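Presented below are the structures under discussion, each in the form of structure tokens.
The same chain A turns up in both complexes below, where it pairs with chain B and then with chain C.
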Partner chain A sequence: MPQKTILIVDDSSLARMMVKNVVSQAFPQWEILEAATADDGLNKVKNQPVSAALLDFNMPGMNGIDMAAKLMELDPKISIHLVTANIQETMRQRAEAMGIGFIKKPVSKDDIVRIIGAIEGGQ
Partner chain B sequence: MNNEESWGRLIQEFLLECADSIGLIERGLLELETNPKNKGLIDDVFRHTHTVKGNCLMLGFTKLEELTHSAETVMELLRDGMITMDGGVSSTLLSVVDCVVATLKSIEKTGTEGDGDYTELMGRLQHIQAAAATSAGAGFSENTAAEPPDGGGSTFNTEDSSLNLETVALPISRLNTLMNVVGTVLVTFNQLRYSLTQNRGDYHQLLDTMEQQIQNLQDEVLQYRLQPVGHIWNTFHRLVREVAVDSGKKVYLQMKGEDTEVDRSVLISLKNILGHLIRNAIDHGIEPPEVRLSRGKPAVGRVLLSGEQRHGNIYMEISDDGAGIDVGKVREKAVALGLLTPQQASAIDNTSAFNLIMEPGFSTADSLSMVSGRGIGMDVVKSTVEKAGGVLSVSSTVGKGTCFSIRVPQSMAIVPVLVVRSMDERFAIPQVNVIELVSFYGDEVKEKVQMKLNSPMVSSRGRLVPMVRLSQIQGQYGDGGGHELLSKGQCHVVMLRSEGGEFGLEVDGADELANLVIKPLARIFSHINILSGSAVMPDGTVSFLLNIEEVRKEGICRVDTD
Partner chain C sequence: MELSEMEQDALKEFFNMGLGVAADSLSKMVKKEILLSLPQLAVVSHREAVNLIDHKDDGKLVAVRQIFLGELCGTSLLIFPGGKSLELVRTLLGDDVPLETLTELEQDTLLDVGNVILNAFLGSFTQMMTVEFEFEAAEFLKADCESLLDISAHRLSCSQDSETDTSQAFFLMMDFKTAEDELKHNSLRGYVVLLFSKEAMVTLKREIARIIAGL
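After this line comes the complex of A and B, so read on.
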């Protein structure tokens, strides 16, 4: 199986670090790309295709929803999840309208197993 | 890497990042003390507070999370303008900063939050939140003014919404301002009464003063009635989600200009219309993801809702990047329905052709332009916009998408107008449409007014534009009316701008500029397209407000078909 990549976008380095820990423990074969802003994340994806993306909503500059729309335009096959500490109904509605996932911070191992498991099981 | 080691690194990262954010929050708060309305600064402080809160949540520092969450809520109230930054709010938030710094030190030393007591601070934060909630609840209600201008019953079901549009929250300070203005009016009124009863002869000056004061009062009240469109738009996310999930489509609703302020009654009357146009865009515009991909489009469809204020008008657009409308099919259908002859259908431009889908009877015959599943035709959408004093237009490109544009006056209660006379009646023309008033005498009439293909044209500033006569629309002069114009000794024309282009309106004379309180048309007049409202004139008589777009359309079409 070729190596797969997950993109983690969050302006908090702590948040990125925690998700990274979970992914690398549960799925050590996956490569992890990190970005602190949406723009940086989009640039990284242009150079390297990714299979999954976890996007923080509240970031300086472009927010996670706007970034998700751009990611979907770049590659419709990416499994995208919006990650947020506040469970706002509007946010969930926007994610669902776009057909992307929605998970609550802190990201748990179960969340990661579900998301990556679905991708690995899907091939 | 064992767990202990990994935990240590997380804590280190946590402390570094929190210290960074807290420093920025503190600096931001201090800057806000001198510059309390800086929105960018409030946003920054909010976001950093959110980061600290999120970090505490992730590492399970629950006491700190609770405290920062409460501070975040206060920041949110500040950001949304529900409270203002004053000394009390600022010092409470700065105390939170101090408290967080102390707790971070404890975490650094002992790995735990320590036993600091936040009860008092939490109480202060909750007090601020409670005060904001009370002031919102104490707002006055104005049920009568909240009625849509369409007196003839609501056209659409009002969807349940948690938004309470019937109530506005006002800070006491604004009520005080209002009271002061009323006080000045009262003083002038007393002086005026004294002047008149004593025959002092200085009432002209007092009247001028009072007019100015009433103007101030009006401006003040209008300010209260303005609300950002975003308040309403935010409820559309739920609608988009429902329609998208039901139809198996992926939709990204994007908004621009949510801060644009509109009169509440305009907002209320347009709320359902916008909802239906959005629903329509998803149901009929946006294609299913697989179809979009096969057409080389991104799987996710975009619906853009934008708002902008220009020259006292609000411009709103609902556009999608979906399948678009085939203008050729619209033409064919107009002919099939007998709305146009084949010759007319091929002669009209695309803009006019697209506007056909908003004609009564057009949309009801085909799902193409039906507002989905509600049995509501686009003609109803259009007339609702017009009842609010607005204009609806549509443009579309096959494969690229459709765009509905709405233009409404920012406030429809009071409209600055030019009062003109025509056919022994007085009509009011919104000043936003007026370019200038020109009069021709004697031979000038023949020189400036010409008949082209049996249609009168007027020349102004070197340009020849169509000229419309109200009498023509009313059919008083019968066929080809206009030739007798040229033999008149004088001719007065109001040059007007409209969506369809500039044109001249021939009138018997212009009376005055005035600010009129416009009321919806009585039912018996509501079928007359060229009128959009009525107003009581200073002398107590009633005059009508002209719908300039319709005047142009009817006036020019009438001539074309003669």
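After this line comes the complex of A and C, so read on.
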């Protein structure tokens, strides 16, 4: 099985550490790319294809929803999830309308197992 | 007391998580989306704290203050500039309530709303910490920016007897507004502010270190 990669984009280094920790414990075979801004994340994906992307919403510059739209243009096969503390219904609906997942911060191991498990199960 | 980059980052992220839950409560009450700013963190004097609040709002600010005491002590403020608090009361009570009645009910309504929002906020802000604290009763304040953010006017210390060094406080702030505010300027907006003394920051630094060590 070729190594798969997950992209974590969040302006908070603590938030990235928390997600990285859960991913690396549950799926040590996955490579993790991280970025503090949407622009940096998009550049990274241009250089290296990813299977999943976890995007914070509230970031300086481009937000997670706008980044998700650009990622979908780059590669519609990426499993994209908005990871946000903003748990308002409108935010969930916006994610749903775009066809991307919605995860409440702080990210749990169950969330990661569900997302990555679905990707691994689908191959 | 200096905060490392990681400690500042962690406090902002906890604040972000806190306001995310609080905004969800507020959004359900006003049936509108609440837009949130990026968190700001500063070690400030009184003057700097005043300057952090947008000065476009002349006149009185209205605030709900909730002091919390225990292993973590501090003051949380939900601040509405100018007449924005009446906008909230009108949204909650309906358009057909006369202005006089709205004004009469302003204090009680804001205390109820503030209590829900600040409890949701602090519960989420501290969700990864192991600190226990209790809330004092919510208080309604009407003051100008200078007085409201006068650090010495708030109880930041756990001990009522000890003199708190109020020359500096740690100030965390995010502002919020309803989505319509992008188009018109008469809808709801406000700020959530957390004030901590140096003493409380020692506790927060310890909690952050514990959380990071567990990752």
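As a working rule, the second predicted complex is superposed on the first by the 123 of 123 C-alpha atoms of A that agree within 3 Å, B and C clash if a C-alpha of one lies under 4 Å from a C-alpha of the other, contacts with A are read in each partner's own complex, and residues count from 1 in each chain.
One rule holds in what follows: a contact is a pair of C-beta atoms (placed from the backbone, for glycine too) under 8 Å apart; a residue touches a chain by one contact, two chains touch by 3 or more.
Computed from a predicted structure; not experimentally measured.
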item	value
Room on chain A for both chain B and chain C (clash or fit)	clash
Chain B versus chain C as contact partner of A:18, first or second or both or neither	both
When both partners are placed on the shared chain, which of chain B and chain C touches more of chain A	B
Which superposed partner A:85 touches (first chain B, second chain C, both, neither)	both
Which of chain B and chain C A:98 touches, first, second, both or neither	first
First (chain B), second (chain C), both or neither touched by A:106	both
First (chain B), second (chain C), both or neither touched by A:60	both
Contacts of A:29 with chain B and chain C, given as first, second, both or neither	neither
Contacts of A:69 with chain B and chain C, given as first, second, both or neither	first
Contact residues of chain A, present in both the chain B and the chain C interface	11-15, 17-18, 21, 58, 60, 85-86, 89-90, 105-106
Of all residues in chain A, those that touch chain C in their complex	11-15, 17-18, 21, 58-60, 84-91, 105-106
List of chain A residues in touch with chain B within their complex	11-15, 17-18, 21, 58, 60, 65-66, 68-69, 72-73, 76, 85-86, 89-90, 93-94, 96-99, 105-106
Footprint of chain A on chain C - complex, ascending	5-6, 9-10, 12-13, 16-21, 23-24, 27-28, 33-34, 36, 38, 124, 127-128, 179, 211-212, 215
Chain B - residues contacting chain A, complex	6, 9-10, 13-14, 17, 47, 50-51, 53-55, 57-59, 234, 237-238, 240-241, 244-245, 250-254, 289, 293, 298-300, 302
